[in-house]
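Down below are the structures I want you to see.
Both complexes shown next keep chain A, but they swap its partner, so chain B is in the first and chain C is in the second.
For the complex of A and B:
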């Protein structure tokens, strides 16, 4: 299945803003990050369809991941 | 005294005189400095029912014990007065270099009293204090007034000034320093304008006495290391500034759009921190002794200068439905020049846009610049008109609540206690909702930044939709923030540091004993004193609430759809944790425990 991944801040370097990643059915965000060569330790915020997501949550077709490094402000 | 200069400069503008007083050491231990200590002096000297724009109101510029020391970010100061916007205590924080310079001149705080009969500015060089004619500065925008003052002042002077908005008593006017740094919120610039005070120029040559130099050096080293190694303060903020939040908040579906009618902006990427860095960033623009350096210096074909910050981009961008980042940068520029608070200014334009959308504001009121959501030209033109009080801009300069009141529609003002809320929809961030409702200066994110645990996961990730524990988190964040605002450090250090770090630093500087528990207790004491002032000013607990839209109308679309702020379920627990009665009044036992005399 194809999972749309939206990347932000420094994670865009060499990867772009938005990528489609082909993974097996029931793959998890961890599998997606592996394909994108993003270490899970570099991920501070992971959203699945705009909600806080777990790295080991099984994904379903159509899911959108948003991935952020440590960032903040205010 | 150590950490403190031990001196207050009191300026009576009615009499045209100034004098130096000793700082009360006992009060300094209890209320720390900055926000806390200035509030204590203000509380003791000014009746809470004072008209904020009358000569009887006072205006305090206050540093903390760490301002002007080598501690990381130790250059902050606070402007404390009664707010003409909210009628609550106002305490607006600013960075840059002015605060540290005031300390170098030998003063912990300045208390400005009375009213000059003509425009003046105050010139301070160490022990020499002069009240000078400002006829040639009146009416000038902030950068122009600053340039003129730089020429007629000692070299390396630091300049604090108001713009036309403050002169014209706009209730959303800021006090500016170092051209683009703002004590932005609650209309403190109007209080300065009401006193006919255009600027305060400071140059100092003294050092801040330190109790334990070796201990301070050690804690500076350790805290700087923590700041540099933290992902947010060491990498995110230095690289992108605060604007990096645009995409995070928008992806979560809590980026208020079109005056909070929507909670996600389809064009957010155009105004994101990433876009700002790619297209308009010239360089970082850090404050005094700051290892973070979140400040931005940006340039477009039309303007260049400091900012814009995340909140500003949201206010003029998403909240007005505008995706043109150049126009947002230009609106920010004009806020700095006019001396307007960017959050309130942008949110007031958004409110006017909704009033236009709903037919309350008519085409004939617009002088050719339609207040339509998404109109980039409007955010620039109406910011200038607000600053100069031209046309409908005259009414808008009063802020969104009073603007709405003219049409019987103040309920559409996205404000708390008449102050506009910033850039996070609290319907799906429950703790932030409680914080907005209970903030002692009205709608504000920096009285307790619950976004940190609820969205960013710092220091730990909380479920933003849940209510459990949110009252406790809100109280702790509010208390810790009150201490940080009083210390002279920047709130952003708290992404990397905790209460014990602040205790260590203030103890090394002052020689007074501090620990984490005492830090939070001092914050609690400051919070309760602010509360007592507000109650005495007539801002009763019924105002601990949110606009009806946020309590009654669920978010319609996006990942946060279906939620409202469940304030009524959190507020009783919060009052109880604070040691307040069920009606929201601090009990005698609580005040006694905190050492606040009734």
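For the complex of A and C:
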């Protein structure tokens, strides 16, 4: 299945703003991050269809992931 | 009259309410300096500020309270002088050290709003925990490079758990650094949230995160689940 991934901030470097990732049925966001070569530890915010999501939540076709790195300066 | 230009938007009663309000700004760096400036100008009557640092020349690129003539001076001492010059009606209570697990509850107690102007993620979780215990809304802001984020966290929301999933100690600012303009922008949004919470006005970023990418001018507000919602 194809999962649309919206990337933010530094995660866009060499990947672009939005990518389509092909993964097995019932794949999780962790599987998608693996394809994109993003370490799960580098992900601070993970949204599934615009809502707070879990790294191990099973995805369904058409789901949209939004992925953000940690921003912590002041 | 000092507040004449506020009147159409903030009434005399509102300004009296602000004058009675107590806001704690944690951190007097990029965000904290601007937050302090704006809270003093709008007339928040009681402001507390904690920062154990002194100004050095790496602060000059972005911190509004820094200037060449105050290098080496304590940030909170410079803040005191600035507030006295802007609005002598404001009572500024300063601490020239850092918020720690040992002092956080005692320090924040009695305030109406706490503003997160910290430069590390670890201490932000201390604030969230203490604010929850004390029943105080927390206005989160953070910056890195071209990016920034803002959220308003009420006791029980635990929004930081959603926006720092791994409870990282620091973020991408360690490699990106901080520019001159994101602090002013994020601090403005934090002050707007603070004023709305104090005056019970408008809509806040509660259980939401506003994420700003100034490189592409992408601004998004996302809904976040609350742990107890």
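We adopt the following convention: the second predicted complex is superposed on the first by the 71 of 74 C-alpha atoms of A that agree within 3 Å, B and C clash if a C-alpha of one lies under 4 Å from a C-alpha of the other, contacts with A are read in each partner's own complex, and residues count from 1 in each chain.
Methods note: a contact is a pair of C-beta atoms (placed from the backbone, for glycine too) under 8 Å apart; a residue touches a chain by one contact, two chains touch by 3 or more.
For clarity, every value in this text was computed on a predicted model and none was experimentally measured.
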Combined model on chain A: chain C and chain B, fit or clash: clash
Check the residue A:43 against both partner chains and state whether it touches chain B (first), chain C (second), both, or neither. second
For A:70 in the superposed arrangement: first (chain B), second (chain C), both or neither? both
Partner chain in contact with A:51 - chain B first, chain C second, else both or neither: both
Could you say whether A:61 touches chain B, chain C, both of them, or neither, answering first, second, both or neither? neither
Overlap of chain C and chain B interfaces on chain A (superposed complexes): 8-10, 17, 44-45, 47, 50-52, 66, 68-74
In the complex, go through chain C and note every residue touching chain A. 27, 29-32, 116-121, 124, 141-149, 162-166, 168, 170-173, 175-176, 178, 183, 209, 211, 213, 216, 218, 222-225
In the complex, go through chain A and note every residue touching chain B. 6, 8-10, 12, 17, 44-45, 47, 49-52, 66, 68-74
Considering only the defined contacts, which chain B positions touch chain A in the complex? 230-233, 235-237, 239-245, 247-248, 251-253, 269, 273-274, 294, 309-311, 445-446, 449, 451-452, 455-458, 461, 463-464, 491-492, 495, 558-560
In the complex of these two chains, what residues of chain A are touching chain C? 8-10, 17, 41, 43-47, 50-52, 55, 66, 68-74
